[in-house]
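First up is the structure itself, then whatever we jot down about it.
Letters A, B, C and D mark the chains as written, and numbering starts fresh at 1 in each.
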């Protein structure tokens, strides 16, 4: 059942120390700034964050990192032009980093949401990121065995919701939101507005409400990250 | 590149004897009747058909079976109230049957489209349908190793297309269409109408044109199958 | 209380589904449960052929061949529904997102093994549909069935003799003679209908 | 013909992309290729952050923070575009549906191994993004790069010394000095720019 809550603070209430938090977004597009800020205010610490990037500038995810609440980050592309907060933490060994190819990050999250125990993936075969991982040759091609990434909480940003938690996204801000929504025990979505059931075309729903536990309206302007190489 | 063709016969041209043909539909909803009829006229034989059911009544897939063109069928639920064509072929040993749990059928097709070599699935563990299959315990739960199902051709029915092959579906007739579209070398879609690019909301496209090789407009009324138990 | 009829069993199941649950009602008897859910229960129905928020059976002009449930019965689309393809629909199930799944059964074992897809007759055409996916997909799997076959044999058994659908997956069994909880340390009888518990235990060998 | 500049390499790549292809242009130099595709080529661009039919870079009021490419540059949405989530986007790539992917590189081996994500410097922060997925995802992977480092070392090498992105995945290498085809029996030089083929072979040890 989806709860529509009144504030971002209410939306992240109960996230505990040591939680694995899936954070949507590709750069700043789809990054749930208000929910991350609320998580920072909540003060939960020793967090593992799973997100494509490791923060941009000094806002949102970068601010959560700067507050020292994140012990470990799992992402595909931490290094960006404006990832100075992460860079400093990493170089001073105050944060652990696991780098995962972007498609594997997405597929491992999907596997978690879809009840798949593990899968054989061709990405990364023969590279340092597959070192130590089990491999298998299937029909003449080599694959690496990859395991699901489950979250305790997912914080995502969508465009609009109805009160049943059905979500639609906006353009490329969709990115990791729909898969993260399926992969966590508690999924929290910030949206620009919440409307009544029937206001979203059933054919166009991207995330059905079953995946969404809490929704909060946070009308917030999107912001641009600085360009970063290679995603 | 997507070709918009003029007839169902043109749409299935080139399907060869022995091909594996993925056929969309759940019962008659989403079953591409006109494409199947064209395949029957083409006369391709020794086909392996992958479809949720094994035909309803005497039309569509049932007629293709009756014509003796199908050597083997892979499906989840062949036995229905109106599957008398299949029933007769099966009992007289004129067709081979592989029964696959419905979700595994969908996920194996998805794996084929997504470049996944194999995956560990909890469905069917300990049942006759998992006999002889490799298993593995992951985090205390047992899984069966399942492999992709690739098609030479997919015949699907969608609601509308644009000339770039972007597809939207209609209600529960969506079913297997989107996954089958990704899993075949040649994907053919019949739709009620083909419109110009820009006529489909980019947020609502279900099957992007990259998965669709041929589109044909076949304005045909949907028909109801008889009720059958258990999918 | 006397032995329950089908409607009585369905009513009993419906009463145990928490408000706001996401529920899949299997084909056959389980669909009756929908009739006994309170209108304000907020229960949201899933049908594995690609819809969440499924409505009641369609009547008259509402019938649309493109809008059917897993039993291929035409249904309606209430506000707040959504459609998705088969891989997403079964991912939703396999991923454990449904709260309750209600299924019919030929047999359930004391350990919660389920047999509901095949009678094991050698000349039967095998057909599994979504049965195995449903069996292992929901947080709770409730079975509703008559407790005995027409021939009088118990269907809640020490070990299934019919081909299995899923292992240790059933959490509750609702029958005409009683409600059974399948728990790690065995079967508990929660209530009985028209029979005393000792008699019921005797008949089942519990 | 003299040695090519960046634009010249991009033009050469663009000329080799068949009309109607589905193409992913990697970040950096490869994005230049879009400028040299014929307007009527029907080439459809994929960006791995979830869009097919991506338009050109956005200017002025067109800039929308929610509509960016993989390099986080604002782009436009032409008619016929579509959006999808990250798992679907990478499934599209991994499943071999893209015809061509154009990537930059630090090194390519004679066998088609690609190194383009990490310099191997011990203090560098590792960041792979979609590089490994792109390397193995398309039917053809074209690399465009200068053939030599600033220090004069060849980047088309018998064996990569930088950390690998993918094994035997590159099919063609477009450089300022020539175009190379990576084939099962070795490297073929298809054309040279500003250097004779024997000299080029000598410099590369081919």
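Keep this in mind: a residue touches a chain if its C-beta (ideal position, glycine included) is under 8 Å from a C-beta of that chain, and two chains touch if they have at least 3 such contacts.
Here the structure is a predicted model, which means the values were calculated and not measured.
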{"item": "Neighbouring chains common to subunit A and subunit C, by label", "value": "B"}
{"item": "Chain-contact steps, minimal, separating subunit D from subunit B", "value": "1"}
{"item": "Distance between the centres, which are taken as Cα means, of subunit D and subunit C, whole angstrom", "value": "53"}
{"item": "Centre-of-Cα separation between subunit B and subunit A, whole angstrom", "value": "33"}
{"item": "Chain centre separation in whole Å, for subunit D relative to subunit A (CA means)", "value": "28"}
{"item": "Sites on subunit A at which at least two other chains make contact", "value": "107, 110, 114-116, 121-122, 169-171, 202-203, 206"}
{"item": "Where subunit C touches two or more other chains, by residue", "value": "77, 83-84, 91, 93-94, 137"}
{"item": "Chain-level touch network, classified as line, ring, star, complete or other", "value": "other"}
{"item": "In contact (per the touch rule at the top): chain pairs", "value": "A-B, A-C, A-D, B-C, B-D"}
{"item": "Subunit D contact footprint on subunit A (complex, rising order)", "value": "26-30, 52, 76-80, 87, 90-91, 97, 99-107, 109-110, 121-129, 169-179, 206, 222-231"}
{"item": "Parts of subunit D lying in touch with subunit B, wherever the complex brings them together", "value": "19-22, 42, 44, 46, 52-53, 77-84, 91-98, 137"}
{"item": "Partner subunit B, residues of subunit C touching it in the complex", "value": "26-28, 47-51, 63-74, 77, 83-87, 89-91, 93-94, 113, 117-118, 123, 125-133, 136-137, 163-167"}
{"item": "Subunit B to subunit D touching residues, read off their complex", "value": "1, 110, 112-116, 162-164, 166, 182, 196-198, 200, 202-203, 205, 208-211"}
{"item": "Of subunit B, residues touching subunit A in the complex", "value": "107, 111, 114-122, 136, 138-139, 141, 143, 147, 168-171, 201-204, 206"}
